[in-house]
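Below: a set of structures, written as structure tokens.
Look for chain A in each of the two complexes below; its partner is chain B in the first and chain C in the second.
On to the complex of A and B.
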């Protein structure tokens, strides 16, 4: 049998027709996720990371969306899969956690009922057994007094508790892949760390792979194995976490990492920021989309640069390796 | 919970008291509405007027008059009409209540089911030709005045096509008590039901559609889809269930108002001697005791309906439950 990654995304494109023209949210994104691997997808708002996740889940239902490319999960093509077949995969083999736990739980059903619903949709399991299993899951994500929490409504729980409940729901059928869309953004810092620990623990306990979408580099540094940096709908840099954090190759990544305050040493008077603003997705600049903000832009940047570089650590920049070596700021202790 | 209930009952009594006082005062403060003049008839002499005033207690201070009327209404229950002498008010209203209830409950069932189906289908197929057609029909239903629609229905079923196979079963206008002849009761009311429900089906369908479309944009709907449950379950268990609040609120208010006499036009068109018709006739003749009785009865139903709406809310929305 040929070795196959758990998830194989190839040339994924998500466009939206709008009054301002075609909005190119995701432009030819390709990546793999292996078994038991955590992939961090980083980038600022509007870089297409959330849309990538939603596309994998088949959750882009706008009539104006145009999707193309290929998403293979366990060898099965998900793109264009009919609803019925899709529903046998999502919730069961792929779980998803959303950004805001305040709005992602249905307010009129108890936590337990919402977990039971997932279980009973995918497994031949009685009402009573499902309820017991739901209580176990609530316990497994570290919520105290799981039996009473199962009978509570979402508004009766704190944000952190709700996010744990959402994770319990996503993990209820032991999915092989967990998609986490900014799971900690809406939470307190202390709760953030707990949730990240939990996601890491789930990988060990359940053997799931995770795609972690975030704009928080600290989150990625803590949890991910591999990192994809996205900008304006494309992956501009990809590689193992250590490589990307210690030797970033793309000028956008330099800017990104440069904007984090150093952990120790003298504090800079001002944090460096990337000048300018991300391009409008309906009017992308010609060639490299980072070109208008890039301090190293030159004529060659008018061509769209392909992902290139050393094996396993590639970036979409035309700068030669020597120049990258010379220009890249050194990061210490970031990973 | 018990405290909330008691507070509710107290509130209800207060509202009904307020309404009765206001109605009473309006009646006496309206220029040219001197009840004794109406009772005595046209061109009555000053002496007759005085006599009438004294007989009916209209020469006593207003608070005393009010207290007397309330006593006759609630304690001795022998309040008589100012206009039809000797007609007892309370039995008259009691006779009218089953007619109005029959009409409104039947229509309410129809419009609830109809509104639910229309709203659900239109909301689920937003933007499709089916949605557009349903919304167009609802708009037409909302726009047709109920008295006009009723007259058209009468024209068809009572006159033009009454002899055809389709409508030969339709009885003459009027009410048939359920206890005497259940089938006759149904046959006499089914067309009024449909006519009265038409407006509300359109209204409720549109409201539910809007509320459903809004709910289906929520994050928790995306989450429900991500759980891999079928779209039907997403729509009913998550979408509809959450959208029902506006629907139920409207229903409670409309139902209360209709039972309280708001179905007047339908009652008149179909010759049903219900509470609405009774109120209307009493207003025509400024028959204060009758107006008093029907208005208090109506306020009771409106306040009651509000109470029921709150209770249903508690079942529908756990967040409301906790607020109690």
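On to the complex of A and C.
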């Protein structure tokens, strides 16, 4: 028996009309998120990872944006859903966390009041019960002295505590899906480690699925089950985390892994950086958009390659499997 | 790295402190003070790269600005190339700017948006009265090529460049007058990883080619390790550990170094990931740092002594220095957790 995925994104395209022409931010992205699953969307700036997330949330409201494709959540099509219907889902069944916690918090109300507001907007719950539930949530995200923190304003908390408060708010209605856009990028590493542990714990405690958008491969390695690598608006590689990290198939993924200096062991004299820079989204090269930076590019790359490969681990590259096997950089100490 | 014993440090800081006063209150007694840099002593040998790591608010940027005298020093002593430059006036410091330069995180902030890149790169020559106009033009082209850009880029404006290219321009400008010392403050942290690697490679090449000495400040341990010979770890304004770049992170001796290392997410799945020791709570307010060891409020191994006495940075026979009453011996000390 097959379970329906919690979220099914099909052929999602996000274009923006601009003075420079059409900006192709997301170009035909498809993926699923299963229940209780953490999906990492990785890529560099301009890869389309954040726009993909915003599209799922229905938060792209620029008059110059052109969206197409399908986003089905629990079987319901979200694309084109009127705002009021969307509002019943967002915040209740889909929670959101952004890089800057102040995107989600208002400075003029206490933390507790803001969580109470979210709860009462979506659920039939009394003021007193909502307040108690808010304190419980603040406690659940590991904030010490939850009762007193509930009465504090955002500016009275540290960055890490604010992000925890936002997570508490996002989790308030027990969402089936949590969308997190660079949730730890603005935090120090010691605090980041705490927040990542917390996101992992949320899945256990609340049974939520998570889409984690990040530029940090380390963050994905520590939290995700599945990984989508994005480049210039497309998914160039997707698969289970172990497959993508231990046997990456796309030359862009090779370049990304080679760009990160190791923490231990011998230091390479040079990092195998990727030459050049990502293309402008308003002037994409013909065919594979990684072609101008790819050391293995050849004539066949003038055609846009489809996502293909072994079951569950696919990449958008025309290199045959044998060549991938041969060219993939050997990872030191790989098992 | 082997260093002749007779060599003198290019840069030496002795008990250097930087204190900021908050100007909020008219009553001097109510003004709060922050020891952004608290009695830091360090030496940088010619040709060496000293990395400085720490989380936000640890004072690493303030230290960098003090080391290049972009900021006044509150107390302590700073020597550059054997000369005491602690109290030099702005006028006295200016000729020294040829020899010590800085590169910043946001290159755009240090590049005048209304001037062409060629102009921006020619400026150091003009300020220091070096070279005739035609000669300057040649040197600007040469600089651009050296950092991986093209000479025709001189005619463009900063906004026409990507983040990585802007940082290349920032580096070109810092290197224009062949300084001895380059202090780089988070030079790659705003860049995407693939571009980050390009800039790290470039800095390593330039160091080789021009015999440069670097102080490289960043929060990313792997980046710092990649480019540094030695690394200093800072916490709340103080250096808590210094040592060889490979050894400091593989066998940390200060509990904070270990916490920092273990908190870094590891992108290499096959790498043996150290079990993460949870660090308690947040960074204390720098306005009221804890007494004694600054890390004792969050330290898993803190004992009474830490709260009373501030541990000094003590150098061991192997060249490693650590400011801890109960230093760790390796990455996984037994019986302590």
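Heads up, the rule we're going with is that the second predicted complex is superposed on the first by the 325 of 335 C-alpha atoms of A that agree within 3 Å, B and C clash if a C-alpha of one lies under 4 Å from a C-alpha of the other, contacts with A are read in each partner's own complex, and residues count from 1 in each chain.
Criterion: contacts are C-beta pairs under 8 Å (C-beta built on N, C-alpha and C of every residue); 3 or more make two chains touch, one makes a residue touch a chain.
Since this is a predicted model, take the numbers as computed values, not measurements.
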Once chain A from each complex is brought into register, does chain C clash with chain B or fit beside it?
fit
Should A:122 be classified as contacting the first partner (chain B), the second (chain C), both, or neither?
first
What is the contact status of A:55 with respect to chain B (first) and chain C (second): first, second, both, or neither?
neither
A:190 contacts which: chain B (first), chain C (second), both, neither?
second
Touching A:260, do we find chain B (first), chain C (second), both, or neither?
second
Please indicate which partner A:242 is in contact with in the superposed arrangement: first for chain B, second for chain C, both, or neither.
second
Just checking: does A:161 make contact with chain B only, chain C only, both, or neither of them? Give me first, second, both or neither.
second
Partner contacting more residues of chain A (chain B vs chain C)
C
Once both complexes sit on top of each other, what is the least C-alpha distance from chain B to chain C, rounded to whole angstrom?
9
Where on chain A does chain B make contact in their complex?
57, 59, 63, 83-84, 86-92, 95-96, 98, 100, 103-110, 117-118, 121-122, 153, 155-156, 166, 169-170
Within the complex, which stretch of chain C touches chain A?
55-56, 162, 164-165, 192-198, 200-201, 204, 219, 221-223, 225-226, 245-246, 249-250, 259-271, 276, 278-279, 281-283
Over in the complex, which chain A residues touch chain C? Could you list them?
44-45, 144, 158, 160-161, 188-194, 196-197, 215-222, 241-242, 245-246, 255-264, 267, 269-275, 277-278, 331, 333-335
Using the touch definition from the top, list the residues of chain B that touch chain A in their complex.
127, 218-220, 222-231, 233, 237-238, 241-242, 316-319, 322
